[in-house]
Amino acid sequence: MLSQSELSSIVKGDPVDHFLLIKKCELRLTKSSKEFLSLELGDKSASYASSLWDDIPGFKSIKNSLAVGDIVRIAGSMDEYQGNPQIKIESIRLSKQSDDVSPKDFLPKSLRDLNLMKKEFTDRMERVNNIELKTLMGNIFSDERFEKYTLVPAGKMWHHGYISGLIEHTLEIIGICDLMCDIHPEINRDLLVCGAMLHDFGKIEELSYEPVFEYTEKGKLLGHIVISAMIVNEEINRISDFPENLKNNLLHLILSHQGKLEYASPVVPKTLEAITLYQADELSAKVNAYKNVIDNEIKPGSNWTRFISLAGTDIHSHGIKNSVDIKNNKTLFD
Amino acid sequence: MLSQSELSSIVKGDPVDHFLLIKKCELRLTKSSKEFLSLELGDKSASYASSLWDDIPGFKSIKNSLAVGDIVRIAGSMDEYQGNPQIKIESIRLSKQSDDVSPKDFLPKSLRDLNLMKKEFTDRMERVNNIELKTLMGNIFSDERFEKYTLVPAGKMWHHGYISGLIEHTLEIIGICDLMCDIHPEINRDLLVCGAMLHDFGKIEELSYEPVFEYTEKGKLLGHIVISAMIVNEEINRISDFPENLKNNLLHLILSHQGKLEYASPVVPKTLEAITLYQADELSAKVNAYKNVIDNEIKPGSNWTRFISLAGTDIHSHGIKNSVDIKNNKTLFD
Amino acid sequence: MLSQSELSSIVKGDPVDHFLLIKKCELRLTKSSKEFLSLELGDKSASYASSLWDDIPGFKSIKNSLAVGDIVRIAGSMDEYQGNPQIKIESIRLSKQSDDVSPKDFLPKSLRDLNLMKKEFTDRMERVNNIELKTLMGNIFSDERFEKYTLVPAGKMWHHGYISGLIEHTLEIIGICDLMCDIHPEINRDLLVCGAMLHDFGKIEELSYEPVFEYTEKGKLLGHIVISAMIVNEEINRISDFPENLKNNLLHLILSHQGKLEYASPVVPKTLEAITLYQADELSAKVNAYKNVIDNEIKPGSNWTRFISLAGTDIHSHGIKNSVDIKNNKTLFD
Amino acid sequence: MLSQSELSSIVKGDPVDHFLLIKKCELRLTKSSKEFLSLELGDKSASYASSLWDDIPGFKSIKNSLAVGDIVRIAGSMDEYQGNPQIKIESIRLSKQSDDVSPKDFLPKSLRDLNLMKKEFTDRMERVNNIELKTLMGNIFSDERFEKYTLVPAGKMWHHGYISGLIEHTLEIIGICDLMCDIHPEINRDLLVCGAMLHDFGKIEELSYEPVFEYTEKGKLLGHIVISAMIVNEEINRISDFPENLKNNLLHLILSHQGKLEYASPVVPKTLEAITLYQADELSAKVNAYKNVIDNEIKPGSNWTRFISLAGTDIHSHGIKNSVDIKNNKTLFD
Amino acid sequence: MLSQSELSSIVKGDPVDHFLLIKKCELRLTKSSKEFLSLELGDKSASYASSLWDDIPGFKSIKNSLAVGDIVRIAGSMDEYQGNPQIKIESIRLSKQSDDVSPKDFLPKSLRDLNLMKKEFTDRMERVNNIELKTLMGNIFSDERFEKYTLVPAGKMWHHGYISGLIEHTLEIIGICDLMCDIHPEINRDLLVCGAMLHDFGKIEELSYEPVFEYTEKGKLLGHIVISAMIVNEEINRISDFPENLKNNLLHLILSHQGKLEYASPVVPKTLEAITLYQADELSAKVNAYKNVIDNEIKPGSNWTRFISLAGTDIHSHGIKNSVDIKNNKTLFD
Amino acid sequence: MLSQSELSSIVKGDPVDHFLLIKKCELRLTKSSKEFLSLELGDKSASYASSLWDDIPGFKSIKNSLAVGDIVRIAGSMDEYQGNPQIKIESIRLSKQSDDVSPKDFLPKSLRDLNLMKKEFTDRMERVNNIELKTLMGNIFSDERFEKYTLVPAGKMWHHGYISGLIEHTLEIIGICDLMCDIHPEINRDLLVCGAMLHDFGKIEELSYEPVFEYTEKGKLLGHIVISAMIVNEEINRISDFPENLKNNLLHLILSHQGKLEYASPVVPKTLEAITLYQADELSAKVNAYKNVIDNEIKPGSNWTRFISLAGTDIHSHGIKNSVDIKNNKTLFD
C-alpha cells in the first residue's frame, strides 16, 4: 500500500521522493540532437511534466523500455518551467514487486468509502419488490461484474471522473429517484430504481481505467448506452416469462436516459420513469461537475475558474460560509 | 361553497344542473341571421362548448350582459357535436350572492392540502439560519404577498398550471435542494433554499388567475424573472448592511434559474447553488408536466398521448403496477 | 385475388362497386341525435371519407361490429363535400371467405416485382466472400424473417412507405455501395454490403403493416436501430469465434447509419464503410421521397407541390422530357 | 521532369538532396538578434519546417529575395525538433531553367491518370442527347477553360484537395448520377449530368493553385456557386432560343447543389435532379474526405485519427482485410 | 379611376355596391349537389369570402368563365358567417372597358407619393460621384426597368408587402446608409448607396404583382439575390474598363445583404459597406414589419396582436401618445 | 498630462523612452532557475511583451512590488522575438506624483471630442418633451453618474471597446433612432430616445476600466441589462405618479434591447420602439466592430484580416477610395 505525501501538496523547491505513474512517455531529441524522454508523471492528486536527460544514471537501459502505466520511484525536486510546475529528476528506478504499489493507487478515487457504497447499493437492490426485476438485478450484478461496476469512473472528465465514480453517481441518482417516488406515487418505483442502477452499466465495457482512463474500441464504436441495452437484453432473454412490457420499459429507461437525441440517446424519454431518470441524472452530474471544476480550476487569489466550455461559462466560488447547521439533514418529506 | 358533481364525470345523455364559469363568450349570427351566444362553460375538471339560442327564456336580457368570468346556473343535458361533447342549454341564470359560489371554485387546483403546504413553507423558512436571509424572507413573504403566493399557479399550462401550483412546485424543489445539500456540504444551504423560495416569486405579478389564468401586461413586457429580481433588490435595499456578496449571489440564483439564455435567463448558472437550483427546478417541472399530460391526454382504449410539442414526443402510460411498497419512503441517506 | 378499377380513377358522379378497406371507423351522432358511422375507406390507390347513415339496410347489425381492418363491399357513387371527394354509400356488406380478398390487397405496394427483388437480394447475399458474415446473413435471413423483411415498408410516410418498400430501398443502397467499392478499393465490400442489408432490419419489429401501417409499442420505445443491433448481437453470439473486431464494426454500421445524433443514431459514422452507408442511405431515401411527393402532391394545373416540411420547401416538377436515350444504362465505370 | 524520392519517405538521420517548394518564408531574429529565415519546404507528399541560418553559404544574397512559390535545391539531412520532423539545411540554391522543375511538380495530385479522366469526361459529354445542353457544354468547356478545369483541386482541404481533384470528384458524381437515372427513369438524365459537370465549375476562378492552393479575392467575395451561375448564365445568353425552363432548371442545379442554405446554397433543392445532385455530391465528398483523413492522420501504432472537427469525430481504420474479390465489380443493375 | 368607399369600412348589415377583384375562385357542390362558386373578393383595404349561388341572375354564363384577376361589380350586403365577415351577393357583373378600373386599383399600395419617391431616388442617383457606378446605375435603371422597379412590392408579406414597397424600403435604407457615412468617413459612400439601390433589384423578376402578388417560377428556382447579381454582372460587362475590384465589391454587397447564410445569402458580409447595408436593411424591414402587424393584427378592445411567428412573439401597441413634437421632423433628405 | 510618441509608431531598433502601463505582471524562473518578471507594457495605441531580467538596476526592490495598473518609466529599445515585437528594458522606475501621469492616459479612448459628445447628449436630453421622462433622465444622469457614464467603454472588445465608447455608441444610436422617428411618426420619439440613452447604462457597474478594462463581480453575476433595469426601477419609484404603462414600456426597451433570448435579453422586442432600438444598436455596433477589426487586424501587405470569430468570417479592406464628396457630410444633429 502506498503511503506518501500527495503530489499536489509539493511546492517549488521541495524535494520529491515519490512513486509516480507514467501517464505519457515519448523519446525526443534536443536541438543539439541528444536524446531525452519527455514524461508526464502523476499520482491521484496531480500530474506534471518532466524531462529525463541522458546523464541520469540508467538512462540507456530505461529509455526504450519505459511505458505508459509503469510506476517509477523518482528522487529529485519540484521545479518550474515557463510558469508551470515541473519535476526535476535526479534518479529514477522502476517499481518492484516488493514496493507493493499498483497503478490503481495513482488514479483519482471517490472520496466516499467504497464498502459503504457497495452496502448501500446491495441493500437498495434488496428492497426491489418486483420479482422479475429483482432476479434480473441479481443476475446482472454477478460478483465479477459488480466488482468492475464498483470501480469504473462515470467518465474521463467532467463529472464523477474518478475510480468508483459510477457507483457514487448512481447512488445519488437513486436517492433523488426515491424522493421523487415519495412525492409522486404514480411513478413505478421498482422500474425507476432498476433503470437508475443499470443506466450507465455499459461503462464497464466502454471505459478502461487501468493504468489510465481510456475509451475502449468497443466503447467508441457502440457507446455505453447500446452496450447496456444489449447486456440487459441478453440477461432478460435468459429469464423465462419476463414480461414483454416490463422489458421494453426497462430498456427504454436505459436508451432514453441522456434525454435528447443530440446527447446520443436513440429515443427521447416517453414515460414518467424515463423523464425522472433523465432529470435526476442531469442534477447529479451537473452539481458534481461544478463542484469538481471549482475544486480544480480556481487559482489562488481568484474566485473564478477559467471559461469552462462544457458549462458555457466561467464558474464562481463565492466563499459565503454555511451557517451553523442545526439538524437540517432531514428532507422536507420525513 | 360549491358542491356538485364534476363536469368531467357527466356523459352524453346525462342531465346537467350545474353552476359553471363562462370562459369564452361571443355573440354570433346563424346562417339565417339569428343571433346566438357561442360559449365555453366549465368547472375545474373540464370545459365544453355550448350555444345559447334565442329561444331560451331570458336570452334578450342576457345576450349583451354576459361576460367572461361570470358564473351561471345551467339546466340542460350533455350532448355531442361532430364527435366533441357539448352542453345543451335549456335554461340559464346568473349566479346570485346567496348561491355562495366564486370564480375560484371553478379553477383547477392543487391536489395537496393548502394549509399543510403553507405550514411546510413557513416551517422551512423558520429553519433558515443566516440572519440577513431570514429577515429578508420575512419581509418579502408579508401576509398579503404570501396570500397571493400561495394561490398563484406556476404557469398557464405545461407544469403545475393550477391554483396553488407555485407553492406545490416550490416545496418539491426545496425537498430536492435539501437532499442535494445533504450529499454535498459545499453547497450553501441557506442561500440555495432562499433562492428556491424566491425563484418564481415574480409570478404573483406576471400571472393573473381570476377569473381565468392570464399573463398581465407587466408580465409580458418584463417577465417574472426580472420582476422577481426587482422586488428582491428593493427589499434588500431596505435592510441596512445586507452583504453585497450575498445580495449578488441571491439575485444570481433568481436570474439564472432557467438555466440557459434561450430559456430567458439573462445569465447562466455560475455557482454551485445556481446549477443545483436550475436542475432541481427542471426535475420538478418535467415530472409534473409528464404526469399532467398522461392524466389529461390519454384517450380511453389507448396508452399513448397525442404528440406533445413541449416534450418533443408522444408520451406513454405503460400501466405496470407498483409492487406492494414495503416502507420505502425513506431516502437512501437517512 | 382482387380485380377492380383503382379508387383514384373514379370521378364525381361515377358509380362505386368496390371492395374497400376500413381505415378509420367511428360511431357519431348527428345534430338531431341520430347515429351514423364516420368512415375512411380506401384501396391502395386512394382513401376517402364516407358516412354510413342509419337508413342503409343492415345499419343496426353493422354499426357496433365494423372495425378498422375489415374489408367491405360498397355499392354507391362518388360524391363531393366541401370540395373533397366522398363516397356515397347505398349498400354495404362485409367481405366473405369466398370473395378471396385480403387486407394486403388494399395497401400501397412497391412497383417493382417482388420475386425479382428477392432474387437480387439472395444472389447478392451469395456473393459475400467473408465466411463469418455469410454465415451470419444466412442465419438472420431465415425463411420466416426474410418473408417479413420482404414485405415491410421502409416507413409510414416520406420514403418507400409501401409494402416491400424496405427491400426495394435496401437494393438501391446495395447498388450504390457496390459502385463506391468499385471506385474505392479501400472500402471493405463485404462488411459494407452486409451492413446495408441489416441497417433497417429492425423495422420488421418496429412497424406493423397489417391491416394498416403503424408503429409497434416496442418500436416506439426502442427504435429500429437498437432493435436491429440487439438481434444482430444475439445472432453473432450464436456463432463461435466470430471476430470481435468484425462484430463491433458491423454493429457500428447499423448504429451510425442515420449519420447524426439528432437523427437518432447513438454514434456518428467513424469508419469508411459507415460514412458510405449513411450517405448511400440518404441518397436513396431523399430521391425516393422527392419522387413520391411529386407523384402525390401536385394538383392538376400546377407544377409545384404544397410546402413539404420534411424537405423544407415546395417541390417542382419541371416537365422537361428526357431525350431519347441511346443506351446509357451502363455506368461510367463499366 | 522531377524524379527524386518522396519527402514523406525520408526518416530522421537520412540525407536530403531534393528540389523543394517554398510554402512559407519569413525573416526573423534569434534571441541573440541574428537573422534567419523560417521556412516551410515541401513536395507533394509532405511539408516540413526548416530554418536557414546566417552561416549557410549564400545566406546574404538569398535572404531578401526568397519567396513563396520558389523552388530550391536543398542538401542536408532529416532532423527533428520537439517531436516534429524538420529539415537541417547544409546548402541551398534556387532552381534554374535547366533543372526543368516547376511548382506544379510539388503539389499533391490526383492518383488517377489525368488523360484517362479527360477522356471519360469528354466521352460522357458526347453522350448528352439534348441539343441545347450539348451545345452549351461544348461552349463552356472550351479548350482553355477545360485545361484549367482539369487541374483545379476541389478545395483547399477536406476532400479532393489536390491537383485534378475537381475532375476526379465530378466523374465520381456522374457515375453515381447515371446509376440513379438507371433506377429512376423519372430523372432527366441530360439535365442532371450537365448539372453535375457544371456544379463546381466556378472553382476555376475561386481557387488558385499555383504555386500554392489559395482562395482568390473574387472567390472570397462571390463564392464559386455564384461564379458558376454567372458564367453559365452568360454562355446560355449567347445561344439563341435556349429554352427558359431549361435555363432556370440548370441554374437551379448549380445554385442548390450544396443542399442547405447554411452550406451557402442560396436556394435549397426543389427538383428531383437537384436533390439527386446534392446527395451524390455529399456521397462522393464525404467518402473521399474520410479516406484522406485515414491516410494522413493515423499515426503508427494507432488506428484512430485525432478528432476531426469537420466530421465531428475521430475516425477509425479497422484494418479488416477485404476477402478475395470474385468479380464483384459489376453493379447490381447490370 | 376607381372611387368608392374602402371595403374595410363596411360593417355587417351595410349595403355593398363595389367593384371588387377576384382573388380566389373555385366551383363547388353543396351537400344537395347544387353548384356554387366559392370566391374571395377584395379591394386594397381588405378581402372577404363570398358564395355565388346558382339562383343569382347570370350564374350559368359566369360560372365557368370567372377567373382570378377579374374585376366584378357586386351589389349585395355585408354579412357574417361563423364569426367572419362575408359578402352576400345579390347581383354580379364583369367590369367593362367603360368602367375604367384596373387590377392595380385593388392592390395594397405604399402610402407615400410615388412621384415624390421617384424624384428622391433619381436625385440621389444624380449625387453618385464615381463615374463607373453612375454610368452603371443609369444603364440599369433604364426607363422600362425603373417603371417596374417603382411598382414592385418588397415581398408577399411581412414587410413593405404592397405596390411600390420596394422603392419605399430602398429609400429608407439609403437614408440610413447616408447617415452612417456621415458618422464613418471610412465607408465608401458611392459604393454603399449603389449597393443599397441594387440590393433587391432582382425582385422585379422574382415577384409578379398583377393581378395578385406571386413568386415567379424563375424567382422560386433562382431567388432575387442571384437574379440581381446576374443582371448587374451583365450590365457591368457592357461597360468597358469597369474596375474588377469595384465589380467584385458591388456584387459582394448584393450577395451578402441578407447577412447570414441561413437567410439565403451565399456569402456573409466581409466589408464595411456590406455590414452597413445588411444592418440598414434589417432596421428598415423590421420596423416596417412591426408597424404593419400592429396596423393589421390588433383586434378592437385589445392592444396585443396574435403570436407572430416571424417575430417570435405577440406584439404590443402601448398607445402612449407622442408629446407635441417641436420641429424634429426633417428627414435627412431635406 | 502625458506627451510622448505613441508606442505603435516605434519600430524595431528605435529607442524607447516612455511611461507605460503594466497590463500583466508575473514572476517566473528561467531554465537556469533565475528569476525574471514577465510583463505586458502598453499605452493606448499598443501593448507589447517584455522581460525584466535580474541584472537590471533595482530588480530586487521592484520584483515583488510591481503590480498590474502601475505606471513605469522605461528606457530601452524596440526589439523582436519569434516574429513579435518586444520591448528590451535597460532601466525602469515607478512613476512619481510629479510625473503627472495617470492610468487613464494609457487606455484607448474615443477619437471624438468628449466635451462635444457630452454637449450633444445633454442637448438631446433637453429636447425630450415628456415631463416624466425628462425628470427621470435628469435624476438618473446626476453629475456623478454622468461622469462615469461618459467614460465607460461599451465593452471589453469587439465594438466601442475604449474610454468613452459607450457615449459615442449611444449618440450614434440616438441619431439613427431620430431618423427612424422622422420616417415613422407612429414611433414614440421620447420613449425611444430615453430607452436609447439608458439601454446600456448598467455598464457603469458592470465594467471597471481603471487601470484596465474588466468585468466586475456584480457585472458577471447579474449582467448590465438587469443592473440597468434595477436602477431605472428604483429611480422611477422615487417619482410620484410615474405612469405604470410608461414604466413598463421603458423597462421593456432596456430588457429587450439585445433582441434575442440567446443574446441575453430576458424578453424579445414586443413594441415598435423596442424593435427600432434593437436594430439601431446592432447597426451601430456591427459597423464600429468591422471598422476596428479592419484598423487593427490587417497586416501590412495584405487586405484581409485573420478569421474573426465574432463575425464568422475574415474581413476585407478593399481600398477603393471615396470620390470627392460634395457636401453630404452634415449629421442629423447639425
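Order as written gives the chain letters A, B, C, D, E and F; numbering starts at 1 within each chain.
Definition applied: a residue touches a chain if its C-beta (ideal position, glycine included) is under 8 Å from a C-beta of that chain, and two chains touch if they have at least 3 such contacts.
Predicted model, so just to flag it, every value in this text is computed and none were measured.
A centroid comparison over C-alpha atoms places D as the chain most distant from subunit B. In summary, the interface at B-C recurs among the listed pairs B-F, E-F or B-E; the equivalent pair, sharing over half of its contacts by residue number, is B-E. Inter-chain spacing, taken between the CA centroids of subunit D and subunit E, is 45 Å. Measuring from the averaged C-alpha position of subunit A to that of subunit B gives a distance of 40 Å.
The mean-CA centres of subunit A and subunit E are about 61 angstrom from one another, to the nearest whole unit. Across the assembly, subunit A contributes residues 217, 220-221, 245, 249, 270, 314, 316 that each touch 2 or more other chains.
Of all the residues in subunit B, the ones that touch subunit A in their complex are 120, 124, 127, 129-130, 171-172, 174-176, 178-191, 243, 245-246, 249, 268-272, 275-276, 278-280, 282-283, 286-287, 290-291, 294, 311-326, 328-334. The touching residues of subunit A, counted against subunit C in their complex, run 217-218, 220-223, 225-226, 229-230, 233-234, 237, 244-245, 248-249, 251-252, 255, 261-267, 270.
By the touch criterion given at the top, residues 26, 28-29, 31, 33, 38, 217, 220-221 of subunit B touch subunit E in their complex. On the side of subunit A, the complex with subunit F involves touching residues 12, 79-83, 304, 314, 316.
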